[in-house]
Amino acid sequence: MPDIVAFGEVMIRLAPPHFQRLEQTRSLDLEIGGAEFNTAAGCVRLGRTATWVSRLPDNPLGKLIANRVREIGVSDTFVQYTPHDRCGLYFLEFGASPRASGIVYDRKESAIAQVQPGMFDWPTIFRGARWFHVTGITAALSAGAAAATAEALTAAKQAGLGTSIDLNYRSKLWTPQEAGRVMSGLVNGIDLLIASEGDCRDLFSIDGTDFADMAQQLIERFGVRCVAGTRRETPLVWRNKFAAVGYTAGQLYESAWYDVEIVDRLGAGDALAAGLIHGLLDGDLEKGIHYGAAIGAIQHSILGDLPWITREEVEAVLAGSGLRIRR
Amino acid sequence: MPDIVAFGEVMIRLAPPHFQRLEQTRSLDLEIGGAEFNTAAGCVRLGRTATWVSRLPDNPLGKLIANRVREIGVSDTFVQYTPHDRCGLYFLEFGASPRASGIVYDRKESAIAQVQPGMFDWPTIFRGARWFHVTGITAALSAGAAAATAEALTAAKQAGLGTSIDLNYRSKLWTPQEAGRVMSGLVNGIDLLIASEGDCRDLFSIDGTDFADMAQQLIERFGVRCVAGTRRETPLVWRNKFAAVGYTAGQLYESAWYDVEIVDRLGAGDALAAGLIHGLLDGDLEKGIHYGAAIGAIQHSILGDLPWITREEVEAVLAGSGLRIRR
Amino acid sequence: MPDIVAFGEVMIRLAPPHFQRLEQTRSLDLEIGGAEFNTAAGCVRLGRTATWVSRLPDNPLGKLIANRVREIGVSDTFVQYTPHDRCGLYFLEFGASPRASGIVYDRKESAIAQVQPGMFDWPTIFRGARWFHVTGITAALSAGAAAATAEALTAAKQAGLGTSIDLNYRSKLWTPQEAGRVMSGLVNGIDLLIASEGDCRDLFSIDGTDFADMAQQLIERFGVRCVAGTRRETPLVWRNKFAAVGYTAGQLYESAWYDVEIVDRLGAGDALAAGLIHGLLDGDLEKGIHYGAAIGAIQHSILGDLPWITREEVEAVLAGSGLRIRR
Amino acid sequence: MPDIVAFGEVMIRLAPPHFQRLEQTRSLDLEIGGAEFNTAAGCVRLGRTATWVSRLPDNPLGKLIANRVREIGVSDTFVQYTPHDRCGLYFLEFGASPRASGIVYDRKESAIAQVQPGMFDWPTIFRGARWFHVTGITAALSAGAAAATAEALTAAKQAGLGTSIDLNYRSKLWTPQEAGRVMSGLVNGIDLLIASEGDCRDLFSIDGTDFADMAQQLIERFGVRCVAGTRRETPLVWRNKFAAVGYTAGQLYESAWYDVEIVDRLGAGDALAAGLIHGLLDGDLEKGIHYGAAIGAIQHSILGDLPWITREEVEAVLAGSGLRIRR
Amino acid sequence: MPDIVAFGEVMIRLAPPHFQRLEQTRSLDLEIGGAEFNTAAGCVRLGRTATWVSRLPDNPLGKLIANRVREIGVSDTFVQYTPHDRCGLYFLEFGASPRASGIVYDRKESAIAQVQPGMFDWPTIFRGARWFHVTGITAALSAGAAAATAEALTAAKQAGLGTSIDLNYRSKLWTPQEAGRVMSGLVNGIDLLIASEGDCRDLFSIDGTDFADMAQQLIERFGVRCVAGTRRETPLVWRNKFAAVGYTAGQLYESAWYDVEIVDRLGAGDALAAGLIHGLLDGDLEKGIHYGAAIGAIQHSILGDLPWITREEVEAVLAGSGLRIRR
Amino acid sequence: MPDIVAFGEVMIRLAPPHFQRLEQTRSLDLEIGGAEFNTAAGCVRLGRTATWVSRLPDNPLGKLIANRVREIGVSDTFVQYTPHDRCGLYFLEFGASPRASGIVYDRKESAIAQVQPGMFDWPTIFRGARWFHVTGITAALSAGAAAATAEALTAAKQAGLGTSIDLNYRSKLWTPQEAGRVMSGLVNGIDLLIASEGDCRDLFSIDGTDFADMAQQLIERFGVRCVAGTRRETPLVWRNKFAAVGYTAGQLYESAWYDVEIVDRLGAGDALAAGLIHGLLDGDLEKGIHYGAAIGAIQHSILGDLPWITREEVEAVLAGSGLRIRR
C-alpha cells in the first residue's frame, strides 16, 4: 500500500567518465533513470512509500533496473517482465560552457513502449495508494503508452487518488503538435500540472504575462487544481540559480533562490516534483514549493538521476544550514 | 587499394569490469568488435592492408566505431552513414568455471541490418583488392544482409578476388535450418571455408569420420578450395589448449598445440581467419594454418576482440620464444 | 510473508583492487556481506522470498547496507536502526598461492552486537514464514546476540518453521571452547546443521570415520534432522575442486565435483546453504545437496559475497551445460 | 632531531569518488589525515624536519598510516604499536552548493584514544627539537589523551621548545563546555594559539570587536604570545576567498586574499598552521601569516588532507606568479 | 591528397587523475598531443582532410601515437619510424586557483628532434595539398628540426600552398633570443602568423599600441598576410573568458567573447588555429576568426589536447545555441 | 646506521591495466622499482634496516621515487638530486600464455647513469652498516656507473661489510661480452653471488654439470664465498613452480618448491636476494635459502616490484600455513 504510484520508463544511463565525449571514451558509467521513477524515489527519500509500474525485458539489463529501483526503496511489485523486448538506453555526455551536456537516446522498441491498455490491473495497483504521478514522456513513447496513461489516470481518479503530470516535453520523441493534442486530453482534471512557460506556449498555445497568468489559463482550460514550475538562471553549465514557483486558487507561491553548483543536471525537475507531491499529500502547495525547490536544488549536486538525499538534508537547506563541512 | 575487403557489422561491446555480473555492475568497459572487421584488423597486423565495408548511424556511437576501426589501421573509406538507425550493442560477462562467459545481444535494427543489395558499389570497392572476407553472421542479420552478401561474393569472384567465409553459426540470430539454407548458397565456390564439425553437422548435415573427411565432403558438395577449423580442448574458462587444422586437395595440415591462458576469449577465431588469409594470399594454406594458430592462440591473451598483436610476436611464438619476460 | 527469515550481521566489506595489499592501496572496493544474509539472498535467487533481521546504525553506512539488501531482493522490513552504534567492517586482501587471502575484521561495537533478547518481535517476524536460518557467527558476536539467537530459534520452532544453523566457526571471534558450549545449546533439535569435520572435532569433540559417521553422531547427540557440509580440494588460491555432501536418516548424498576458477572465495558456503534450504523447503535433502553444490560452485566465480546467480544458471550447471560462451 | 614534533591522531579517510554519496558508492578512495600530522607534513614541505608521535594498531591499517607518514617525509620513529586496538576512520562526502561536504566519523576506541600520561618519553622525543604542535582534537579524544597532551606541553616548555595549539573545536567529539574547560588549561602560556572567533566565543566566552581585540583578550587571559586565524568568505562549496590574520604584541598582520578553487577543502587550516610555525621558527609572525595564507590557499587545490606542495610553489604564489600553465 | 599538412612532434601526455600531484599519484591517464597535429585534427573535425608528418620510434609507444593520430581521422601515411629513438613525453598536473596547472617535459632525444633536412620528400607530401601548418615548437626542438621546418616552408610555398605558423613560444625549450632569431627567418612571407602580444615583444621586440598596430608591424616587417591571436581574461584556472582577434589588410576582426568552464586547458590555441585555417581555405579571415574562437572556446571543455568536437557543434555555438541539455 | 646499503637505479614503472597492450591503453598504473632497492626493501620487511644510494632528478618524478622509497621503510638520506637529468622509466605489459610479459625501457640519460666515482662519500655511507648489495644492472648503466660500483665495493670491503651481487644480466643494456668483462672484475672476492646457469655460461663461459659444480667453479675463479640461484619450472605465465638453491664450502642447500600463482612476476628474484642477505647477516646461508625461496615465492603474488610482505607471512609459509582464508 504505497503512498505514491508512478508509471513510466526507466532507462539505463551510460555516461563517459570525466567530461569525455562518447567518441573518445573507453568506459561508461552506468546509472538508471526515468522521470516518473525518479519522482517516486524522491517521495520515498522524503518519507513516503512508492511503487513503480512498468515493463522490463526478462534479461540481466531488465533485472539490473529492478534491482536499483528496490535499492533506493521503491517497490517493483507491479513490474511486468517480457520475454523479447529490450531496455531503453541513453548515453549522456557531460558538458562545460560553451558546450551543453548532450543525450543520445537509444530507447526505441523498449518493453514499456509496447504497453497497451488492459495490461495493468490499475484498481489493484491503486489499492491503498494516495497519489498517481506520470509525465509526458510516458505518453510520448507510443500510442499504446499514451492510451495506457489515459487508462491509468481515469482509474486513479476513480480510486480517489490525487494525480500529477509533469509535461516534460521531449523534442526527440514527438512534435509539439502531437504532444499538445495528446497531453490536452491527459491533463484534464488533474490535481497538479508541472509545466514550463515554453512548453505551455508550444504545446497549448498558452502565453501568459507571467507565471500566475499562465497558470490561471491552464486551470481554466483544463480544470487542473495546481500549476507549478521551475525558475532557472543559466549562466553556465556548472553553476545555476534555481527556484520553484506554484499557483493555485489565485495564489502564487515562490521559493527561495538557490545557488547550485552542478555535479549532474539530471533529475532536478523530477526531485522538484517529489517535493511538490510531498506537500500536496499534506494538502499544502506552499510546503510543496519549498520542499520541491530545496530537494531540486540539492539534486544538482548528486551524481545520477536518483535523489540520494535525506529529508533531514532537505530540511537543513530549508533552515539555511550553510556550506561548512559538518564535523 | 587494400589487400583485403571485409563486410559485416561492428558492434559496441560493453562489459562489466573484473568478472562482475551485468546485474550488479556500475560501469561498463567499452570495446568494439565484429567478426569480419576483427579478421581485417588481424590481416593489417600481419602486414597486409584492409578496408571494412559497413553502415553506421551518423551519431557519436557510429563515429566511435569508425574512429576505432581507423585506430587499428583498417580503412573506413567505404563506410556509409545513415541518419536514423542505431548501432548494434552487445553486453559481455566474463565467466569462470563452472560459469561460462555470456553475451546479451542488443543488435536489432542496426544500420547494417537494413542493408539491401545495390547499396554498395562493389566493383569500386574491390578495385585493386586481392581478397574478400565475410562470415555467416552478416548473412544472419537480415534477408537484405544475406542478399547483399551474395551480391558481394559474386562481385568479388568476378573481380578475381580470393574469397573466404567463416560459418560462425550464431544460435541467437537464426535457426540451423535457416542458416543451412542461406549459407549453402553463399559458400558455393569460395576459396576458404572456416567451419567447425558441429556447425557442418547442424547446418549441412555433413558428418565426417574426422576433419579431413568432413572437409572433403564440403569440397565436393560446395566446390570450395580449402577448409579450416580450430581445435580446442576446453577444460576451463581461464585455460584452454588451442590448435588449427586445414585441408585442401587431399592434404591435411595441423598446427602445433598452444597452452592458452585466457584474458578474453573473443576474437580468437577471427584472428585465426586472418592468419589463414595471410597464408593464402601467399598461396600457402600450410603457412596460413601455422600463422592462424599462433595469432589465434595469442589473441586469447588480448583484452578486447581486436588483435593488438604484431607480426613479430606471431613469428616469435612460431619460433618457440618461450614465456620469460623480455628485458 | 517471506519463505525464509535470516538473522545476523551484515558488514561493509572493503577490499583493495587487483590483489593489492592493504598497506599499499589507494582505494577500496566496497561490497556488503554477512553469512546469514548471503544465504537469504541465495534463496531469493533460487526463487524463494526472504527477509533479513538485524540492527544497523542510523547513518549513511547503515543505510547503504539496507539499500543493498533490498537491491538483491531481500526484505529489510524488520531491520532496526540505532542512533549511536557503528557498522561492522571487514577488510579483505585477495591472495595468490602461496599467499592465502586474508581478512582484517573491524566489527567490534557494531549495532547488532548490542542486541538483547526481547528486542525483536519474533512471532510477528515469523508470521507466514517457512524457514529460519542463522549461523554461529551471530552467536559469537556477544552474549546478547547468542541469547537473542536462542530466543529466535525457540520462537521459530514454536511457529512451526524449519530451522538451520551453519556452524561457521570463526577463530577471530571466540575460542572453540566458548563456541562449543554455546553452539551445543543452539543446534539442539534443528532441522539442518551445516558443519565441517574440523569444526565438529574442535567444538563438539566429535570425530567420525567419515562424514556419515560424524553426521550420525551429531544427529544422535543433538537431535538434528540433517547434516551437510562441503568438500574441497585446495591445491591453489585461484582454483579448487568443490562438492557437497549431506546425511539424513541413515542416507548419504553426494553432489558432483566441480572444477572452480575462483574470482572471489567468499560466500560459497553461504550459497551452498541456500541450495540446501531450497531443497529442504521441498522436503528433499538430495535436491538441496545438488542445488547447493552447484550454486556454491558458481559462487566462486562471482565478485563479492552475494550470489548474483540465477536459478536458470544453477540448473544449467546441474544439466552439464559446459563452458563455451553462450551466443 | 626534527625541528617540529606533532602529537595526535591520524585516521584513514575513505571518500566515495566523484561527489557520490556514501549510500550509493561502490568504492572508496583512501587517504590519510590528521590535523597535527598534516601540519608536521606542511613544515617538512616548507623545508623543516618533523616527527609525528602517536599510537597505531599493529595491523595492516596501522602500518598503512605509518607508511604514508614516511612517504611525505615525516618521521614515524616514535610511533607506538598496540596489539588489539583499531584505527580511527572517517568517511568523507564531497558536496556542491547547496549541499555541504560531510564527514561520518568512526574513530571510537582507536589506539591513540587509549593513550595515558607516561606512555611516551617526552624528554627523549623533544631532544634537539624546536617546536611542539598539538590541536584541540587530540585533547578531545579521551581524558587520557587530554592528560597526555598536558604532559607533553609541560615537557615541551621545559625542554625550551616553542608551542602551538590549534583549537580546532569538533562538535562531534565534545561539547563547548567540556572543550572550554580542558583547552583553557592547555593553552596557558603557549607561543601560538590558532583560533576562530566562533570557537573563542563558544569555548572561552571571549567576544571581541574585531580579531585584534579578541586576540588581545586571549593573550591577557591565557598568557599566549601570538594568536592567528583564517578569514574565509564562503559563497560556495567549490570556491572561496581565503586569507590569514595574526596578532602579537599589539600588532595585527593580515595576508593577501586568495581566490581559491576547491578540489578538497580538508587540510587548509593545518597547512596554514605549518606556515605559521615556519615563520615563528624564524621568529617572524608576519612571515608566518604570509606563508600560512599562501600554503593554506594552495592546499584547497590539493587532493587529500596532506600538503603535496613545494616551498617553491608557495613562494611563487607569494610572488604573484599567476595562473597560466607553466610550460 | 589532404587539404592540410602539419609538421611537428606528438608526445604522449601522462596526467594524474583528478587534480592529484605527480608526487602522490598511482596512475596516469594517457593522451597524445602536439600543437601542429592538434590543429590538423581540428581541421578534420571541421570537415577538411589532413596529414601529419613526423618521426616516431618503432616501438609500442610510437605505434600508440600513430594509432591515435588515425583514430581522430588524420593520416599518418608520411610518418617515418626510427629504430632507436624515443617518444617525447610530458607530464601534466591539473591545477586550481591559486595553483596553476603545470607541465614536466621529458622530450629530449625524441625521434623527431633528430630530424634533418632532406629526410622528408616534401614535394610528394604536398602533392594535392592546400595548406601547410607548423609552429615554433617544431623549430625549437633542435637545429635540425628548425632547418627541416625552413625546408618545408620553402617547398610549401613553391608548391603553392598557404602557410601558417603559430609562434607558440616555449620557455622550457629555448630563450627568447634564440626563438626570435630562428622564427624571424621562418615567418617571412607566410600567410598566417598566430602570435600573442607578449611573444611578439619578447621575440621580435615588436610592441604595439593595440593588436592591430602590432599586427601591422608584423605584416610590414615579415611580409605576412594575416595575423591572429587569442584574447583571454584569466580570473581563475577553472573559468576564463575567451575570444579571438585577427588582422589583415588594414582590417581588424574580433570574435564574440565566450565564457569557458575549463575541463582541460590544453589544445585551445591549436583548435583556434584550425578554425583560422578553415576560414582561410575559404579565403575568409573573418570566418576563420569566428570559427576559431568558437572551436577554441569549446576545446576548453574537452578532455585531452585533441578537438573531439563536430562542425555542427561549432556552428551551434556560433548560432548561440545555449547551455540547456539537448534531449 | 642501516644494516644494508643498496646502490642502483629506481625507475618509474608504467603498466597498462588488466593485460592491455601499450598500443591500446588509455591509462598507466604507476609503481616504482629497481633491483637493488627492491632487495633493500625486502630486508626491511624481514626486520632489517636499509638505505638506498642513488641519484634522482630534482623534479616531481624524482621526488615521487624518493617518497615511495621512504614509504616502504628504506632510507633516502644519501640520495643526491641533480638539476637537469631525467628519471628512468619502464613500460610493462602483462602477458598470458603464449604471450610473455614484455618491457619497454626508456631509461637512457637518467640521473644515476651519469654517476662517476667520487660522487658518493662511501665511508660515511657505510658507517655502522653490515652489508652492501648491488646488481649487474647498475654496472650496465654506464662506464661511470660501473666504476662507481667498483669504488663502492672496494669501500664496502674495507669497511668490513658483507657484499653481494646479483648478476641480473639484461640483454637490452649490454652484450654478454661487455657484461662478462665488467662483472668479472666486480664479483671478485664478494660474499654472495646470485647467478643463473645461463648467465654464468654466457658471461663467464662457466658451464657446470649441475648447480653445485657451477658454483664451485665460480668460487674458485672469483673467490666468492657463496653462490645462490633460483629454480623455476615455467609452464605458463600465470603459474610457476619456484625454489631456491645455494652453495658454499662444498655444501648445497635447496629450498622447498612452491606453487606460485603469478599476479606480477617482477621483483621475485630481488625478494629472494633479500632473504639470502637476511640469512647471511645471521651467518646462515641455509636460512637464507629458505627465507629467500619463501619471500621470493610470495612476491609473485604481490602487485608491483616491491615486497609488501611481512616477516610473519614469510614464516607462516615456511611453516606450511596453507591457503585457506584467515578469518
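As written, the chains take the letters A, B, C, D, E and F, and residue 1 is the first residue of each chain.
The rule we apply is simple: a contact is a pair of C-beta atoms (placed from the backbone, for glycine too) under 8 Å apart; a residue touches a chain by one contact, two chains touch by 3 or more.
Model, not experiment: these values are computed from the prediction.
The chains touching chain D as well as chain E are A, F. Taking the mean Cα position of each chain as its centre, D sits at the greatest distance from chain B. Interface residue usage between chain C and chain F, two copies of one sequence, is largely distinct: under half of the residue numbers at the contact are used by both copies. Using the average of C-alpha coordinates as each chain's centre, A ends up farthest from chain F. Averaged C-alpha coordinates give centres for chain B and chain E that are 40 Å from one another. One inter-chain figure worth recording: chain B and chain F are separated by 45 Å, centre to centre, where each centre is the mean of the chain's CA atoms. For chain F, the set of residues that touch two or more other chains comprises 17-18, 21, 23-24, 26, 67.
Each chain pair that touches appears in this list: A-B, A-C, A-D, A-E, B-C, B-E, B-F, C-D, C-F, D-E, D-F, E-F. In the complex of the two chains, the chain D residues touching chain A come out as 18-21, 23-24, 95-103, 105, 170-172, 234-238, 265-266. Those residues of chain E that touch chain A in the complex are listed here as 17-18, 239, 258-264, 294, 297-298, 300-304, 306, 308-309, 313, 317, 321-327.
For chain D in complex with chain F, the touching residues are 67-68, 70-73. For chain A in complex with chain B, the residues that touch the partner chain are 14, 17, 21-31, 59-61, 63-64, 67, 86-87, 89, 91, 93, 104, 106, 108-109.
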